[in-house]
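Heads up, the next two complexes both have chain A, just with different partners, chain B and then chain C.
Up next, the complex of A and B:
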């Protein structure tokens, strides 16, 4: 029982339990707090997998930006709806059964997986390696990603803009 | 000192993916559906980073793919929230089951 095991068990327990809390809690804001806990524990998992840069990006993008965007969405849309209207029981039952079957089949696949371990030192100069790979092998996907972000920015503004009011009280 | 095996990370990602899929298929509030989709994308990212360390050909490429996936997920959530706000302005609700017309 090494220290890595203990940290992994703790982080995965926090991730899965706060994910479950997100499913069963009644208020939307409680769901958001549970989701932020899940994101932060996933970033701890990334540190265990020797990906420090991705862990920092996870904290900044997911538990920072995406959570704030979702909270804005909640605040701008529903004021009193606390998701008390659930899906019908038959649908929840069917979805639950099919997800259990899916997870059992995936578990069978995972448990038969045999990959011989080859040690690589990903944790040494992690950010430098990512930068070198990003600007040598993956330059074109990097530029396309910047284009996608620009299009998403402009598209989000155009979609969310209120164009019913013409030059009136915005 | 032994490492945590690859299967443990894959099982964690499977659990998170199943939680996200259950939320995306049963919840009625569309913000919660978007959140569940983000959770499923995070599970996929865990798989990418785990295979980049413990996979058949361990290298930095898996982490690069996880970075691109994070970029796409952030853009997707921004556009999703914009669509949701536009739909809320038309329908005055966020219930997924009432978004059943393309044009009023």
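Up next, the complex of A and C:
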């Protein structure tokens, strides 16, 4: 058992267990902290995969920016209700069966998956390689990403500004 | 030693730092709990609010304008992320990459100008 394997086991354990913690905890802020732990351990898994840049992006964007925007979303809503209403038994049963079926099908799909490995030293000049690939082979997706960001910005402004106008008229 | 091993051993330091960062508040708070006397009175449990009497609930509903700033922060931080590989690989890419990045930045500047025109950046 190599050290890499132990670290992978530890990181995936943290990721899965804090994901579960996010689902079962009753307070929204505790859920957020659990979610941030999941994000950070996933970035550790990226580092194991020699994807340094993606790991840094994961920390910056997900456990930084996305976590902040989720906390703002929590602060903007009323969240005093900590009780949960239980779904009827038949629905819970159906959800459980579909979860089991989904995990079986995912396992069958993944377990014999063969990805042809290219022998590339990803850990050397990782960011530069991503830059060269992004700006020579994937130009169109990159520009579309800017368009998607623009649409997200404008759409959010349209939605939130309308609320503000109604609030101002009170 | 191969460069992959060298790369992974570099991250052992990060791991140690991370474990220290997680343990430090836990140990500090636990030691504080062990050492400090435990004599609770009612006045000690009131919220400290710079000498004022606290009123209302701390968990109020915040203004939606904060959310706009958070959203713009997320979008421009994603833009910054795309700037990093561009800046690192710029010498090997040349002028065409500059044009691509200009298109990308102009797209987001359009969004910023739109937000400015819609008075999102203003508080009042």
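By definition in this document, the second predicted complex is superposed on the first by the 149 of 170 C-alpha atoms of A that agree within 3 Å, B and C clash if a C-alpha of one lies under 4 Å from a C-alpha of the other, contacts with A are read in each partner's own complex, and residues count from 1 in each chain.
Operating definition for what follows: contacts are C-beta pairs under 8 Å (C-beta built on N, C-alpha and C of every residue); 3 or more make two chains touch, one makes a residue touch a chain.
The shown structure was predicted, so the numbers you read here are calculated from the model rather than taken from an experiment.
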Clash or fit, chain B versus chain C on superposed chain A: fit
Contacts of A:38 with chain B and chain C, given as first, second, both or neither: first
Touched partner set for A:47, first chain B, second chain C, both or neither: second
Per-residue contact with chain A, leading partner among chain C and chain B: B
A:66 touches, of chain B and chain C: first, second, both or neither? both
First, second, both or neither for A:128, with chain B first and chain C second: second
Contacts of A:145 with chain B and chain C, given as first, second, both or neither: both
Partner chain(s) touched by A:77 [first = chain B, second = chain C, both, neither]: both
Partner chain(s) touched by A:156 [first = chain B, second = chain C, both, neither]: both
Chain B versus chain C - smallest C-alpha distance in the overlay, whole Å: 6
Chain B/chain C common contact set on chain A: 4, 48, 50, 53, 57, 61, 65-66, 69, 72-73, 76-78, 129-130, 134, 145, 149, 152-153, 156-157, 160, 164
List of chain C residues in touch with chain A within their complex: 3-4, 7-8, 11, 14-15, 59, 61-62, 64-68, 70-75, 77-79, 81-82, 84-90, 92-93, 96-97, 100-101, 103-104, 107-108, 110-112, 114-115, 118, 120
Touching residues on chain A, where the partner in the complex is chain C: 3-4, 7, 47-48, 50, 53, 57, 60-61, 64-66, 68-69, 72-73, 75-80, 121, 123-125, 127-132, 134-136, 139, 142-143, 145-147, 149-150, 152-154, 156-157, 160-161, 163-164, 167
Residue numbers on chain A that touch chain B, as the complex places them: 2, 4-5, 8, 12, 15-16, 19-20, 22-23, 28, 31-32, 35, 38-39, 42, 45-46, 48-51, 53-54, 57-58, 61-62, 65-66, 69-70, 72-74, 76-78, 81, 83, 85-87, 91-92, 95-96, 99, 102-103, 106-107, 110-111, 113, 115, 117-118, 120, 122, 126, 129-130, 133-134, 138, 141, 145, 148-149, 151-153, 155-157, 159-160, 162, 164
Chain B residues touching chain A - in the complex, by the definition given at the top: 1-4, 6-12, 14-16, 18-23, 25-29, 31-32, 34-35, 38-39, 42, 45-46, 49-50, 52-56, 58-61, 63-64, 66-68, 70-79, 81-86, 88-89, 93-95
